[in-house]
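Encoded as structure tokens, the structure appears first; notes follow it.
Chain IDs A, B, C and D follow the sequence of writing; residue 1 opens each chain.
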Amino acid sequence: MPPAPIFATLDPDRAFLERAPLLVRDFVTGLFPPSLQWLAGNLLAVVVIVLFFASLFALLTLAERKILGRIQNRPGPNRTGPAGLLQPLADAVKTLVKEDIVPRAADQVLHFLAPVVLVSLALMAFAVLPYGRHLVPVELDAAVLYFFAAGAATELAVFMAGWASRNKYSLLAAMRALAQLISYELPLLLSVVPVVMLAGTLSTTGIVAAQAGWTYGVIPHWHVLTPWGAAGFLLFFVSALAESNRSPFDLPEAESELIAGHLTEYSGFKYALFFMAEYFGMTALCGMGVTLFLGGWQAPCAFLEFIPSYAWFFAKLLLLLGVFMWIRGTLPRLRIDQLTRFAWKFLVPLALINLGTAAFWQLSAGWSGPALQLARWLVALALVAGPFTLLGRRLSAGVAPRTYRYAA
Amino acid sequence: MLGSGIIKGLAVTAKNLAGSFHDPARYVTQEFPEVQPQLPENSRNFPFLVADDGADPMGTLRCVACQICEKECPPQCIYIEKSKDKKPDAAGKLQLYPAVFAIDTSVCMSCQICVEVCPFDAIKMDQVFAIATTDRFNGLLLNREQLAKSNQYYHSIHPTEATEVDARLAAERKAAEEKARAAAAAKAAAPKPAAPPPPQPPA
Amino acid sequence: MSPLHLCLLLSTGLFCIGLAGALSRSNAILVLLGIELMLNAANLNFIAFWRYGPAPSAGAGVVFVIFTIAVAAAEAAVGLALVIALHRHRRNLRLPEATRLKG
Amino acid sequence: MILLLALLILVPAAAAMLRRNLVHSALLLVLSWAGLAAFYLWSGAEFVAFAQVLVYVGAVSMVVLFAVLLTRQNPDRAAPPDAAARLRAGAAVLTAAAVGAVIGHAILATPLPAAAGAPPVLTVRQLGLELMGRHAGSLLVIGALLTVALLGAVVLAAAEPGEKPGGKP
């Protein structure tokens, strides 16, 4: 059999770059006796995921500080190493050698367990994301459910951290975190339901496969390019911001009000673990968003398929993460009542209506002919835009643009 | 419509993000150790002692160890020991001088009260701000030699203020000389005064 | 001893722990949690019979457990709302003292 | 394996019922629930395991913890166990032991299919069809029940008209 060409446009499944990770895996597992190969394969996946996302975390912290700096017209960290590239290393050394302080009144066991539980749960979510055509660490029938179950359990760790610190700010933050996470869990899950409904499966590979194909070879069949998908993606994105405690929903760790909330009594490496878990959670949610709405590892155009699928996945992932940082550099923090009101009076109804839109889209899938297609699009767009405008008007009723009496 | 403000805000930050790469007017950061900042004339932080002659700073300190600043200093960061002997000052008059003059800059709060109360214009505010050191006890306790800076240096950092001070000092010196000359003339005119004139305060 | 026996014994143990907790503790929240444990023991039985029993239908056990979980969630929500209402009236959660029906 | 799982389920549950600290109790119960999820996973009921984690670990525990915090009392004021409480605890343990003994005896006396067959295969699709087909009526009833429970909980927990919102002493 001749070796597969590096850029095989005709059959991307056979391209060398596409199969390269598999070849590496087969080589490494081949070093073990056959009875242990399944174990070696799984361990290899775990090690690769942990190492890869830990280094991605290091790079993300740097990228975030650079981007935030540029948004504020300053350079960001640029002293450690060339262009500040060694800053994550310096941060790691600093957090590792810092003294680990545990308050005497704290609940010692829970105080220790909270960061460990948080990081391990955050890492668990990575197990079901399809990183590429052949790169799914664990193929599960109910992968989406698994992902959100792992995500829901992280709330517990946040609560443990806040409660075990025996500090009123931490406890307040824990209460806020619970209220916020419970409130936003609902729109997050509801925004995912239409995808599951239309793809007809809870498996992530199935959902990606449902978004395969192109119209005219250039317009991908991603969910985000349908009316319900666009609305669902926005809902998912906003809820994901809240679920990962990112600005503007970073109330649980509001530095200026709650002195970093549940992190107040943590120092040194445990603090770094919390930080890591936050970035892991953010990355996992972005990866899920890519999988559910942005076509997963599918290339945007047919002729771009020669680029391996995992490259597309990570390009989309980094794009979403960049938008997270962009939003962090733009929006101020919400108040707790605004936060919950936004979830219950705006996101949840919209998500429910979006469910109806998706059902309409599914039922009208058989409509053919330009007139009916146009009608289908118009009705779906109206179903998305109408409630958005009406609910938005209600949400912002009585809120006028701020006038400044004394400032110019 | 809801969300339009968010989009506007995102546009602003995106413009910043892109603009800071190609628009030098946006990019406001000065890389400090390589580019020294242009401080405004009135910027000030820690005190120094003015010496009239930069070549011999210890001999020409304006300070006469009157200890007013030591008493007035709110955080009490100034320590002065008077000298046992006297030296002639710029006007030729014999004065005490500080045998020890130390300021603990780790305690100093840059309030400038020492400058306000000094009757001799001997202590002024400096512009040096990069005083970081690895020895936080002795490295920040500045002694007489480290504190003394020449009058030229004073002119270079606060030109307007230094000129005023020089003019005032010159006028005072002239007034003192004239008074001394008048007193000498009076002494010559009146051969036997009942008592010597009371000593003039120097300022 | 078959695995089904073991599973049933495990569920019996869980049920008894829940029962003892619900009967002995005076705190309303703990009583609720004891009841939750008993429900979980029932769930465990469903799954055990679905897995090891002579299954009449492929999914009946799982479907039952899903229903029970939903009911348990509803029960927890209502029960804890009751606890909060109780706390508002009496300022404590000790059930032996909550003897009056009148608010 | 099942003995390990039993340890993971029973020990935290028993500890939770014995602890005086309510938050500890709740967290130990969460551990026990997670053990149950592991049991479901081991039995091959993936969907139920994830649902268990999502509902119990993710939601019910949160509600419990919220209730604990909202009704927090001064730990110093908590009465030490008096004679009546001790009597009650003894009686409860006796009752539970009696019930356990009866059920346990019944289980051991029943001849059950000894060998474990192949685990039944149940994909999510089959489960969904089953839910929507044979059990559609029950599903509707459950939906109605959940809605009613939600409304009831809100009504019960909502501040009464005469009361100041957040008027906790």
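To be clear about the criterion, contacts are C-beta pairs under 8 Å (C-beta built on N, C-alpha and C of every residue); 3 or more make two chains touch, one makes a residue touch a chain.
Values in this document were obtained by computation on a predicted structure and should not be read as measured data.
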Which pairing of chains gives the most C-beta pairs in contact? C-D
Centre-most chain by CA centroid is A
Distance between the centres, which are taken as Cα means, of chain D and chain B, whole angstrom: 75
CA centroid of chain C to CA centroid of chain D, Å: 5
Distance between the CA centroids of chain A and chain D (whole Å) is 30
Distance in whole angstrom between the CA centres of chain B and chain C is 79
Listed in rising order, chain C residues that touch 2 or more other chains are none
Please set out, as single numbers or ranges, the residues of chain D touching at least two other chains. 47, 51, 59, 66
Mark out which residues of chain A touch at least two other chains, giving numbers and ranges. none
Considering only which chains touch which, label the overall pattern as line, ring, star, complete or other. line
Provide the full list of chain pairs in touch. A-B, A-D, C-D
Write out the stretch or stretches of chain A touching chain B in their complex. 67, 70-75, 326-327, 329-331, 388-389, 391-393, 395-396
Can you tell me which positions in chain D touch chain A when the two form their complex? 23, 27, 30, 34, 46-47, 50-51, 53-54, 57-59, 61-62, 65-66, 69, 123-125
Using the touch definition from the top, list the residues of chain B that touch chain A in their complex. 1-3, 6, 9-10, 12-14, 16-17, 19-21, 26-29
Please name which positions on chain A make contact with chain D in the complex. 110, 140-142, 145-146, 148-150, 152-153, 155-156, 159-160, 163, 171, 175, 178, 181-182, 185, 200-203
Quick check: in the complex, which residue numbers of chain C touch chain D? 2-10, 12-27, 29-30, 32-34, 36-37, 40, 43-44, 47-48, 50-55, 57-63, 65-67, 69-78, 80-85, 87-88, 91-94, 96
